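Before anything else, here is the set of structures, which you'll find just below.
Note that subunit A is present in both complexes that follow, paired respectively with subunit B and with subunit C.
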Partner chain A sequence: MTAALSLEQAPPLSVPLRFFLTAPAFGMAAAALLAWAGPAALGTRWTPAVLALTHLVGLGVLTMVMAGALFQMLPVLVGVRIARPLLVGRSCHGLLSAGVMALAAGFLGAGRPAFHLASLLLGGGLGLLLAVVGTGLARAPRMHDSVHGMRWALSGLAVAVTLGLVLTLGRGGASLPLARAALTDTHLAWALLGWVALLVAVVAWQVVPMFQVTAEYPAWLRRGLAATTWALLLWLSAATLLDWPAGPPAAGLALAFAIFAAQTLGLLARRRRRRADASLAFWLLGMVALAAAALAALAGLLLPLPPALALLPAVLFLAGFALSVVQGMLLKIVPFLVWLHLQQELGRSPAALARVTPPHMHAVMPEPRARLQFLAHAAALGTLLAALAVPALVRPAALLWLVAFASLGANLLGAARLYRATRHRIGAAA
Partner chain B sequence: MALREIRLDVRGLPPCEPMERILGQLAVLAPGERLAALLSREPVPLFALLEERGYAWRVTVLGPGRCELLVWRRDDAVAAEP
Partner chain C sequence: MISEFMTHAHRECDALFASAEAAGGGGDIDRTRDLHARFEAALARHLAMEESVLFPDFEAATGMTGGPTAVMRMEHGQMRGLLAQMQQALDAGALDDYLGAAETLMILIQQHNMKEEHMLYPMSDRALAGRGDDIIGRMQAV
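Right after this comes the complex of A and B.
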């Protein structure tokens, strides 16, 4: 018999929900900032608005969701034990949320104290995440490819956070050991590829075959992608910081993730369950955007992109790939967790077991609402991409992003309400 | 009383249907009966639910994409036979 997961091992649903429900709020804040800053915001990647925006999305939305998912999915899927999940989850969430606000305020002109505060809060929150999840992964009972991959991705986050803290201290007045532009490029590469893209890939090994009912990813990709990404990122970092040619490692990274995108699209095209839903649409859009981001980055290496398109790879990556895939995952993970937790509640009460039927996964996030969420997201993405060439479209794009994140928030809130109501009925029947 | 095995193939179904069907079949399990379910992967989240509901189980990985789960009532000596 395989050892069971004790119920204490999986944290209460409130732990991941807290992270998931906060993410759309930061997304809406980013959209409001884009609307306020207008066309001037997207001039270069160095404008205060772009710096605040990328961190509101990268930390406030993406890392927020990934942290919540790690706390919950590691115990449920991999059997990893997280110490003191409620206390650790709440602390990490509080520190991360406050840290993102302080950092955005710093970029938008709140001055050095905001950067000092952001260093403390983000260093504490992300340090806690790294320590707790890292310890859990080190003791993981099931050693499959995703556990190995998650260790690489978490180490990627550790590098990105360390470089981010050095840069933040520099903004707070400390002298930097190296040129700020080179450090920023290195921080960006580790954050986007070593953390976000790598974690998405290693989580995809698990969730794409399971939730989209596809064949498994090929073993060579599952075993090789994380180490290859790390080797290329180390090469790219050395090249950037020491002023060597950075083209070969950058092209290698673009190629590696283009291969991942192509493999995922191939698996999804040959999926055994033919029914298409909003989650599948988010995955397809995300993988097309990842391949396009890789192509745009490669094109940028070979020929100078016009200034208007300098931000194209970043927009395709963050808004097209990462935001799409994260929503595609949430549409499956949240209903699955709601169903699982309600079944656990029912198991504790034989009286309720006969009288309460928990909602099916499809009822937790109904497909028509999920489809609206996808359409709002796709419209926002399309308008933002067009705005790179036609700056007058920046504000309409921002308004569409506001609607898209509000739609995500409303669907998550609906799932949380259904969970609470059913839990209440189980309690009443017990 | 002889042991009777109820067979259930839930491979290729999206979550949470395999677990729902297994729990549904277990609810009507008679004394001396055990469930033999064929799954695409080890159903890790199901184990805690089985434990709470008073079932014992045994998992055998048969190969890539094939895993057999045997489940019986913990207090059923006939169904617990190897």
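Right after this comes the complex of A and C.
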């Protein structure tokens, strides 16, 4: 494990920032959609509004941030430079953004052309991400657990995207090779576990020790989690598509990620850094939610859940785990990268060195605002969970999500503005 | 050998840092100044040990002067810049600025330590095999 946020290989900061700044906009769009659709939206997983919501969050927020983070981390982590990073970053970002909009429009009734357009745009954008990052990982001169893990996670994305494209073509009028419900379940499992959860785990074993000064994750977990997840996902896919019992692989997956959550909570509880901050709160909440999602999924396998709770594991996973952890990461990585890039810039212009000091992390991301962002997120999550049982709370929950994503967006925008302003000062002083 | 000794030193610096940061977060400026001075002394000594003993010996043994040690020296420079910023903040009684610079330094140190503990120290153990005791002795004399 030799990850380092050093910059000899890193792309310009605008490459990851473009993705990071777009994510809250899709989050706000999802919140607005939930407010508009109201309680009827959460009836079952299959309402058009829920399908649109899931993809606005899963692709527009989570995959958006992860793509930006991969473009940033890949060169540093594996020592492979991305050719023409600005062009690749902008193209991937543009295709992904437009594709998510087309897909959401398709689910909300825009008809077959929207699905055709979404297939093209998302196939192109995610295909580009897979090709660039995949090639980089394949050529990695340095091998360590995170490179292996990222390969598995990226392959998980490839499976999820392929199944998603098949389903989208089906929506566009093509006939499907297999039952839509089984394909959808399989697509969902690969997207949530093979991609989102696995990538979070791989990134966690780099950034949790770095940001919270903890011991490292145990080697057995770092070496075993990805391959285990893949084996169980293959078993689950076969079971779902061929109508075998899906309980054992599903339970195995729930257990695997519950263990990851418990390990993370254990490391954080024994962290050497004593100060608690908003990022830590996001990670703790995210890991508790992941463990709860796993328990809820296990409970659903053993006993029939009331219909109102059918969405509980998915809400805990997406809103409770993934959205929390991604924000916990952004709160550290953005201010640190801003500082590091400015530091590097100063290193190139000694004349400015005496006159400009790069803003420290709390100047880039003020702690009180980060705390507000966490409180808004926690309130939105709590209300959304309550809304599963009390439908009247769906619209208040949607409004709180709007506030929470606006708060994330404002904090990221503030960081980007300070970065730009300081760069200008360095340029003027040089 | 060298790995173990230096990794242990990293953990000691972490502990001293955590105490100073916790005091700063609690708003006790006198205690923060006191604990920061201890952290800074330990960190400065560790950097000096590497720059005056370990890195030159590593470079002489491997012939790599522009490689990992050059990156490590550059990051040491960035750490010293942040230490100066923290000292300025303490002198001005600005605990918020102290904590902001402190967190930046901590992340810089953690990613730096990972590179040293996973690459540079194991490489040193191999390149300087049999000379570990001598090198550790000279580092302790810094």
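Structural remarks
Definition applied: the second predicted complex is superposed on the first by the 419 of 430 C-alpha atoms of A that agree within 3 Å, B and C clash if a C-alpha of one lies under 4 Å from a C-alpha of the other, contacts with A are read in each partner's own complex, and residues count from 1 in each chain.
Basically, contacts are C-beta pairs under 8 Å (C-beta built on N, C-alpha and C of every residue); 3 or more make two chains touch, one makes a residue touch a chain.
Note that the structure is predicted; figures quoted are calculated from it, not measured.
Within the superposed three-chain model, A:R348 lies in touch with subunit B and out of touch with subunit C [touch as defined at top].
By the touch criterion defined above, A:P12 reaches neither subunit B nor subunit C. In the superposed pair of complexes, A:G79 makes contact with subunit B only, with no contact to subunit C.
In the overlay built on the shared chain, the residue A:T357 is in contact with subunit C alone; subunit B does not reach it. By the touch criterion defined above, A:M210 reaches both subunit B and subunit C. Legend: residue contacts after superposition of the two complexes on their common chain; A:P48 is shown touching neither subunit B nor subunit C. When the shared chain is aligned, subunit B and subunit C each come close enough to touch A:R273. On subunit A, the patch touched by subunit B and the patch touched by subunit C overlap at residues 1-6, 209-211, 213, 272-273, 332, 336, 339-340, 343, 347, 360-361. For subunit B in complex with subunit A, the residues that touch the partner chain are 12-16, 19-20, 23, 40-42, 44-45, 47-53, 56-59, 64-65. Residues 11, 14-15, 17-19, 21-22, 25, 71, 74-75, 78, 81-82, 85, 96-97, 99-101, 103-104, 106-108, 110-112, 114-115, 118-119 of subunit C are the ones that touch subunit A when the two sit in their complex. If you check the complex, the residues on subunit A that touch subunit B are 1-7, 9-10, 76-79, 142, 209-213, 216, 272-273, 332, 336, 339-340, 343-344, 347-348, 353, 360-361.
On the side of subunit A, the complex with subunit C involves touching residues 1-6, 8, 144, 209-211, 213, 272-275, 277, 332, 335-336, 339-340, 343, 347, 357, 360-363, 367.
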